[in-house]
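Below is one structure, written out as structure tokens; the observations come after it.
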Amino acid sequence: MASKTVTPYIPHTEGDIRRMCEAANVGSIDELVKSVLPEKLRLKSGLKLPKGLSEQELKAHVEGVSSKNKGANAIKSFLGAGAYNHYSPAAVNHILLRSEFFTSYTPYQPEASQGTLQAIFEYQTLICQLTGMDISNASLYDGASATAEAALMARRVTGRNKVVIAGSVHPEYRETTRTYLYGSDETPLEAPFDTKTGLLDIKAAEAALDDAACLIIQSPNFFGTIENVKELAELAHSKGALLVVVISEALSMAFLTPAGELGADIVVGDGQSFGNALSYGGPYLGFMGLSGKFTRQMPGRVVGETVDKTGKRSFCLTFATREQHIRREKATSNICTNQGLAALACSVYLALLGKTGLMELASLNIDKAEFLKKKLSAIKGVEIAFSSDTFNEFVIRTKKNPEVILAALKKKNIVGGLALKRFYPEMKSHILVTATEMNTAADIEEFARELKRVS
Amino acid sequence: MDFPKDLKYTKEHEWVREEGDVVVIGITDYAQDSLGDVVFVELPEEGASLTASEPFGVVESVKAVSDLYSPINGTVLEVNDAIVDSPETINDDPYGEAWMLKVEPADKSELKDLLSADEYKAYVEEEK
Amino acid sequence: MGKLLFEKTSKDRRGVEPVAPDVPRSKASSRLKGLMREDIAGFPELGEVDVVRHYTLLSRRNFGVDSNFYPLGSCTMKHNPKINEDLCRLPGFAALHPYSPEDLSQGALELMSRLEGYLCEVTGMDAVTLQPAAGAHGEFAGMLLIKKYFEDKKEKRTKVLIPDTAHGTNPASANLAGFKVVKISSEGSPVITTESIKKAMDKETAALMLTNPNTLGLFEEHIMEIAEVVHSMGGFVYCDGANLNALMGLAKLGAMGVDLVQLNLHKTFSTPHGGGGPGSGPLAVKKKLEPYLPVPRIIETKGKYSLKFDSKKTIGRMKAFYGNFAMMVRAYSYIRRMGPEGLKRASETAILSANYIKEKLKGDFHLPFDRPCMHECVFTHKRQAEKGVVTLDVAKALIDKGIHPPTVYFPLVVDGAIMIEPTETENIETIDCFIRAMQDIAKRAETDPESLKNAPKTTGTERVDETKAAREPVLRWSKKA
């Protein structure tokens, strides 16, 4: 008798099952399962999960779950700190949804995946152009793990163990680096920042850099301030260490001199700003640009240009001998699946905005943040915490408790920023605020008005 | 497949040739054939010391990578930089142009323990 | 066609322009003069139409599950449900900042918390972290957990046992965590023998890493005894959960002595592969290891959800924020759609399809282990190699038939492996078509082997010179001088 239950995505009819069982020399699926699973391990009752839903019910249910959130579409958000609210042109999503891109696998068979391969090659080029470095890989998980991989790589390249990381690098990036280095029984040394400027304390860093494999800095750093990359590169090199520059707001690369031109050896960061939704923290996009000297030590996949049998330009994965599937325990990293589709989103976004569009957008972000800075600093009880130049985020110091302030703002449907006490216990009065092209002048003025009311 | 009679061999598929007080080392025809197109080779510096049975370098093809093991104890006198620039030579002429290192052996008697061409050929047949 | 973005560029051509400024120009540009870039040399300048056309044409040069049968062993290329693509893009999810206040993020936290529960139930484990971004990331996390556990107990354990059939990420992950990899040779056995573990296991060994079912598609039938041996010496059993599609609703890894298992949401739980990610690799563990899980943990108290960041024994963090959340939405939706019956049906049907292929092709291709398989089966090129046709040739010939090749040359324990995993979402006609294609290739290998050396010819790209790519590396476009 025909079964009345429909199992989603499984097309087999009773007749199909019967035919397959016959060919497999079993009387039923049950008999087959019995032959491959030991009796005592076979489950006697069903999994304790909620009963399956029809697609219609599923949609209603999940929409209900999502409505319990209030994202940047429903409130006025001034949050940044490693995840940025930018406008993504509609074409990005439509291209991502072309199923030949998103339902395909890693391009191990180049003749069947030139689309993916060429897109990655273009992505690698874009990262090189933005960072000013020679080569780029096909992506890593996110900015935090990319920072950790850079630390491991610096150790391999220099043969030294010590890693020095600025305290002004994103706290979660530092924590991730600490966790990765724990695998090598190494603890990174933290170099403190100057409490007046918000920049790395160069004197303190100098002392720490003897025998270091690398100095890891972020610019613009977690506080939004722009570090003196050139000076820090010279310092690191004078000690025989590499300079790793971390960039969590990728858009800043369209405004500032590329770290590659200032002496960086490895540039890592997160490309989330380029076409990847906030999505409660993931998936984001780890990028890594580096000097050509380090090609063989680079973690992650990389696409190279070549030709096919007819001499036509083609692309393929290359230098695979560094990777886990060949080198196994001697691999440069364990990474296999990376962030392919996120890298595609990034490329499409960058191609749509183009050079002028991207540079204009970066300028606009700075202008928005400066406008916000002006409005907030005019409020009694609010001060700009650091004297240095910033990109699109900065830190304010408030007389009133930041938690009280943010709670009051939230009542007015404004998420005013991130109170920094949770990451820097000594920064009890500080809030990190961010402005992008998604914050209108009216929003900014309203934020200032409400902050004034509660200050 | 070539197994020149005037050479000695190791189970890690290296060949060894005595040239007076100097010993020349490379990888065998069987090794280059198994690897496929060689794309990269990493060799030690002149003056480096070699320990018997310890890896001294790496040879890579598109799909595989192999450590190179030193057959004897000694010091590196000369490195064949030409094959670093043109690794495909290893496929074309593994016993001639693609020699890898010229070594000063610490103890020439160690060469006695290496395999003869016939012994190596038999070993390779068995491995298959 | 075939031109790169940078080769289609035309100076000053504009695509999508940013929103018009509604704030005054700041003095920042003049202050930062020395630190500003003047140009991005070579950066694309295309019209929107050019960009859309460029990527649309690129996509057509790709095989995807939506257009082609994709029987990649150990990858579980099952259908990626479209409804899940809609759901993860709901603004309540897509526009939610990770530092959004908890009371504004209850939906996200609820979804993650429930997903953790579902994954525990499927695997028979006690606690889950959703933070790892991919399977290898989850493996690394698992190894670090084990490392911290023994450090806490002041036991010096430096080794991890890994069978030679393991996926390359296993030894790579163990190595990253500072362990020495001890290879367990299968010595021609299709499954790990208790003997081989007894011989290798000692008090300096932290764990055994295995895959169940293994990479030959076979259930590790001695797993209970093996777990006994490892546990009796105080070690942990780590299972690579890549092949979970064979077990859902049929057996629980937790009941087999497994202490940790990473899941691959982009395999078993239908989230798309995306041409190489993003994936998601949650790690599930037994209670003993729960205190070491990465932070934050998701806590539920009387229907309210929150994030707990302090944890005395945590290994720390595997990445920023909470994991690949959009993948979690898809996996959650998949599990809610399938329900317990559906998941069981999926695994059963995956097993049946693989056995069907095995029986139909064993007359033409060498089957190293002729016994019932689970969700995938492994052949070798032994018969065809006699006529000079190898696995690579078989793979390339399949491309010409519009079928993505199976996994090739893995596992390494057999020569010229061809690993076929049909999954449960392919109908019998597609599978029969694949079988006929393989049989045709086998026939041509006998009668006209040379004809197989030139494939593929139909995708617009013929055999790619991978040697040249490695010998003369060009890893980015550069403007010709």
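For clarity, chains are labelled A, B and C in written order, and residue numbers in each chain start from 1.
By definition in this document, a residue touches a chain if its C-beta (ideal position, glycine included) is under 8 Å from a C-beta of that chain, and two chains touch if they have at least 3 such contacts.
Every value quoted in this text rests on a predicted model; they were computed, and no experiment measured them.
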Longest centre-to-centre distance from subunit A, chain (CA-based): B
Chain at the geometric heart of the assembly (C-alpha centres): C
Whole-Å gap between the CA centroids of subunit B and subunit C: 38
Centroid distance [mean C-alpha coordinates] between subunit C and subunit A, Å: 19
CA centroid of subunit A to CA centroid of subunit B, Å: 45
Per-residue overlap in subunit C, given as positions that touch at least 2 other chains: 466, 469-470
Contacts with 2+ other chains: residues of subunit B: 40, 60-63
Subunit A residues counted as touching two or more neighbouring chains: 326-327
Subunit A to subunit B touching residues, read off their complex: 296, 320-321, 326-327
Touching residues on subunit B, where the partner in the complex is subunit C: 36-37, 39-40, 60-63, 87-88
Contact set on subunit C toward subunit B in their complex: 409, 466-467, 469-471
